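What follows is a group of structures, each given as structure tokens.
You will see two complexes here that share subunit A, one where it goes with subunit B and one where it goes with subunit C.
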Partner chain A sequence: MLSQHSPAVFQEEFQMTFATSCFSVLPFGMNGIGGIGGVSIGWRPIVALHIPDGFLNLPVIGVTWVISIALIALALQRVQAEYQDRTVPLMGVCAAFIFAAQMINFPIPGGTSGHLLGGTLAGALLGPWAGSLVMAAVFIVQGVLFQDGGITVMGANIFNMGLIGTFGGYYLFTAIRRSLGRNKLQSMVVASAVGAWVSVMAAAFVCAIQLATSGTVPLGVALSAMLGWHVLIGIGEALITVATLTFIWRSRPDLFFHPPRRSAVSVAQPYSVR
Partner chain B sequence: MSQNAVQIRNRLVIFGGLGVALAIALFVSPFASSDPDGLDRVAGDLKFDEKEAAEKPAEKLPFYAVFDEYALRGAPEPIATPLAGLVGTLATFGLAWGVGKLVVRGKSHSEDGSQTEG
Partner chain C sequence: MLLQIGPFTLDVDSNRPTFWQSLMPQTRLLCTLMMVMAIALTPNGEWLTWGIYGAGILGVLLTSQITYWVLLKRLAVEFSFVGVVLLGTLFREGGITLWQWGIFTITTHGLTILGSVSLKAFLSLVLLNFLTLTTSVPALLHALAALKMPPLLVAILASMYRYLAVLIEEFSAMRRAALSRNLMNSRRWQRLVVGNMIGSLFIRSYERGERVHQSMLSRGYTGIPRMAAVPQSRHRDRFIVILTLLFAALGQGIGWYGGGLR
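Let's turn to the complex of A and B:
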């Protein structure tokens, strides 16, 4: 199924996985098929965890902007020092994929929806530094072009989903993968699933703290409500991350930031005749 | 593998990856759920959604004349969102590529390893 490299196969794979992930979290049928197949006219995808203008107060806005700008500056420096120019096209492709995937809200039980954040995906392929730059690019385009995520709170959005999601996802992914065996597909799958789920929970946790610190909503209810929904949204994140990374592992394992070593890969899927 | 074969394989990643992203933006976006997302839902449940700024700063930008959230203004309803997705995907691709190009500029190509230091 995954032996070909054509985009069509990838797309089919993605859609299939996407559909599976939708159905698998829909046992209660609250959105029913209508949420997936019903092309309702007049809706607008508005995206999860993207804080709009007005939810955060000035101190929280200021602190998150300062941290985000500092980390982006550091990321630019590290990318300049450590990355080769072959990384550049992969940054573009990763950013494009994450932007497109973020448009696709999947329904979760209870009349809510979620979508991919992509931090763990970006980190696994590009490492935390180039990965967080890619995530920042996604949020800038969403905020500036499409009024999705506030402009004044963009620092917070980059901090929560771009930096926490990418660094948290990357380090957890790498640690779990190393401990289970760097060259095994199974350990990559476990590592990316856990990394993706935890990174979404971490982003939701930090978002709740910011809302509470801003006096928008009390901490207790913010935490339980945000984490409650994102337990499920994180499962969607894990499914999409695992499906995408498994496809890349089988077709182009060298694209991973820490590629599996060749001997182990050629057993799983010989991809070059030598 | 020869240098040429490597180049072809890398182009396949770029065009294949970008093609998948564009296909998602164009063909899957009409099927996205319109339910409120995690934060929207919480904001509604906990009654702090009215704190959202009535006038978004982003609406002061020239892009607001072109896009009403993820919909291209003036386009027929069924294709307004796919077209916005197409533009957004290409813009994100260009921005990330451009940033990468500017930062990594002028380094020699090396075949092995993605890092020069540990």
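Let's turn to the complex of A and C:
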């Protein structure tokens, strides 16, 4: 268990864990030696979406950085206006939550493992602005501290998973949920499943376009590899997102960004033992 | 310092008495960023440029008394993941065909791109691992603040860093509980239990955020993150930043000149 390790062992284990989410497919996954663990058992390939340094060219890097900086600046402004003095503790803890949730590898169809990207989840629970700010904070920490995703391409990673994954996932989730009935669990389940799967596929598609535009990987290879793998990753993402949101819907529906309008909302006692 | 708590000790070699570790954290971060930018943005096939950069990086590594096996272990794990995707860069049209089997064709152009992207990714990983080995996380956050990252964002990053270990420990406790109840036996159950655990973790995190907010208010927090005074750069730090910039430009210049001669 992580908490039982000495700092040195913990550090190595932690490092290993983060290396599992580089943008790649491995014939032999690292779960056995480094995953937080046990959620996926045995040696399996792991697939994720973080681009390393050196894979994108200057124009793609420049455009995605400009968009990402604008997104972060706007998100900071909106979140500060909405949450005021709760911004720092709440966003910090929620970013730590997404970070911890992304460390959990889960089995996906086809014998591989994936980890949650969490864009639709963050959007559904925190809203598009706070969700994308939290995702951006996660990518900054992952890139700067754990070399999980490059520094020069951080703008692209934030663009793909913070903007497309979170904003796209949130608006799709909201549109489907509203059209099927905002207060029904079934509509939330359908909306979160579709939102999560489509957001992952869209992020993978844009990532493939970025790689091809940069001249790193031919478009056909990039599209078939990225979309082929992320069809499965998206299913895993959808299943975990649905399970997570259903749990929160039943336990603390008031924590949704757009909570269901119910006559009797069950507000449970604090769950934390601390 | 910005943070007194250190959940993760990534900086194994931050206290060595060498020149690199004596530089201000923002100087180290800025020099690393400039070099990573120069490496990553060098056009494909500029081997001489990467050779010069590699020699410079090797020189800094050798004089900084870092623990090499930790660096190598981190690099091996990280690069193995980057390595597989690199294969996608190999099979492409263009240049002289060196090998063909069905639809798979290896050409000189494909090899050039594979080698270039591999070198860029490798050198960038070496530099970034070197930075985190020699600079503590609080110092890195200080450096981000000194480099004019918005204080609110730095405060969120600091708050996130502070609670990472707590949440990971909390998740581990939930996982132990699920394992002890034999809830992780089938894949279907695994996904359901993981979903429930993540949901539970969010509820606990959100409530923790509220409690942290209350305790911050009780200690006089007014909504404006207070950053500790960031030490100003010294002449030596400015000199090193300029030197790094010149070194990056020199590599690009020599590569460009070499390309012109070819």
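Everything that follows uses one rule, which is that the second predicted complex is superposed on the first by the 195 of 274 C-alpha atoms of A that agree within 3 Å, B and C clash if a C-alpha of one lies under 4 Å from a C-alpha of the other, contacts with A are read in each partner's own complex, and residues count from 1 in each chain.
Basically, a residue touches a chain if its C-beta (ideal position, glycine included) is under 8 Å from a C-beta of that chain, and two chains touch if they have at least 3 such contacts.
Because the structure is a prediction, the values reported are computed rather than measured.
S.K.: Under the stated touch criterion, which partner chain does A:V144 make contact with: subunit B (first), subunit C (second), both, or neither?
M.R.: Both partners, subunit B and subunit C.
S.K.: Quick check on the superposed pair: does A:A70 touch subunit B, subunit C, both, or neither? Answer first, second, both or neither.
M.R.: In the superposition, A:A70 touches no partner, neither subunit B nor subunit C.
S.K.: Answer with first, second, both or neither: which of subunit B and subunit C does A:I233 touch in the superposed model?
M.R.: After superposition on chain A, A:I233 lies in contact with subunit B alone.
S.K.: Looking at A:L116, would you say it contacts subunit B, subunit C, both, or neither? Reply first, second, both or neither.
M.R.: After superposing on A, A:L116 lies in contact with subunit C but is clear of subunit B.
S.K.: On the A-aligned overlay, A:T246 touches which partner chain: subunit B = first, subunit C = second, or both, or neither?
M.R.: second
S.K.: Tell me which partner A:L219 touches in the superposition: subunit B (first), subunit C (second), both or neither.
M.R.: neither
S.K.: If you stack the two complexes on chain A, which partner ends up touching A:A204: first (subunit B), second (subunit C), both, or neither?
M.R.: first
S.K.: After lining up the shared chain so the two structures overlap, which partner does A:L125 touch, if you call subunit B first and subunit C second: first, second, both or neither?
M.R.: second
S.K.: A:V88 in the overlay: touching subunit B, subunit C, both, or neither? Say first, second, both or neither.
M.R.: both
S.K.: Please report the subunit A residues shared by its interface with subunit B and its interface with subunit C.
M.R.: 7, 10-11, 14-15, 36-37, 39-41, 52-55, 76, 80, 84-97, 99-101, 103-104, 106-107, 133, 137-138, 140-141, 144-147, 150-152, 216-217, 221-222, 225, 252, 255, 272
S.K.: Across the complex, what residues on subunit A touch subunit C?
M.R.: Those residues of subunit A that touch subunit C are 1-3, 7-8, 10-12, 14-16, 19-20, 22-27, 30, 34, 36-41, 52-58, 61, 72-73, 76, 80, 84-97, 99-101, 103-104, 106-107, 116, 121, 125, 133, 137-138, 140-141, 144-147, 150-153, 215-218, 221-222, 225, 236, 239-248, 251-252, 255, 270-272, 274.
S.K.: Residues of subunit B touching subunit A in their complex?
M.R.: My answer: residues 1, 9-10, 12-25, 28-43, 45-46, 48, 51-53, 56-59, 61, 63-64, 66-71, 77-78, 81, 84-85, 87-97, 99-101, 103-105, 107, 109-110, 113-117.
S.K.: Hey, which residues of subunit C end up touching subunit A in the complex?
M.R.: 8-10, 12, 33, 36-37, 39-41, 44, 73-74, 77-78, 80-85, 88-89, 91-93, 113, 116-117, 119-121, 124-125, 128-129, 132, 137, 140, 144, 150, 152-153, 155-164, 166-169, 171-173, 175-176, 179, 184, 187, 190-192, 194-213, 216-217, 221-223, 225
S.K.: For subunit A, which residues count as touching subunit B in their complex?
M.R.: Interface residues on the subunit A side: 5-7, 10-11, 14-15, 18, 31, 35-37, 39-55, 76, 79-101, 103-107, 111-115, 127, 130, 133-134, 137-138, 140-148, 150-152, 204, 207, 211, 216-217, 221-222, 225-226, 229-230, 233, 252, 255, 257, 272.
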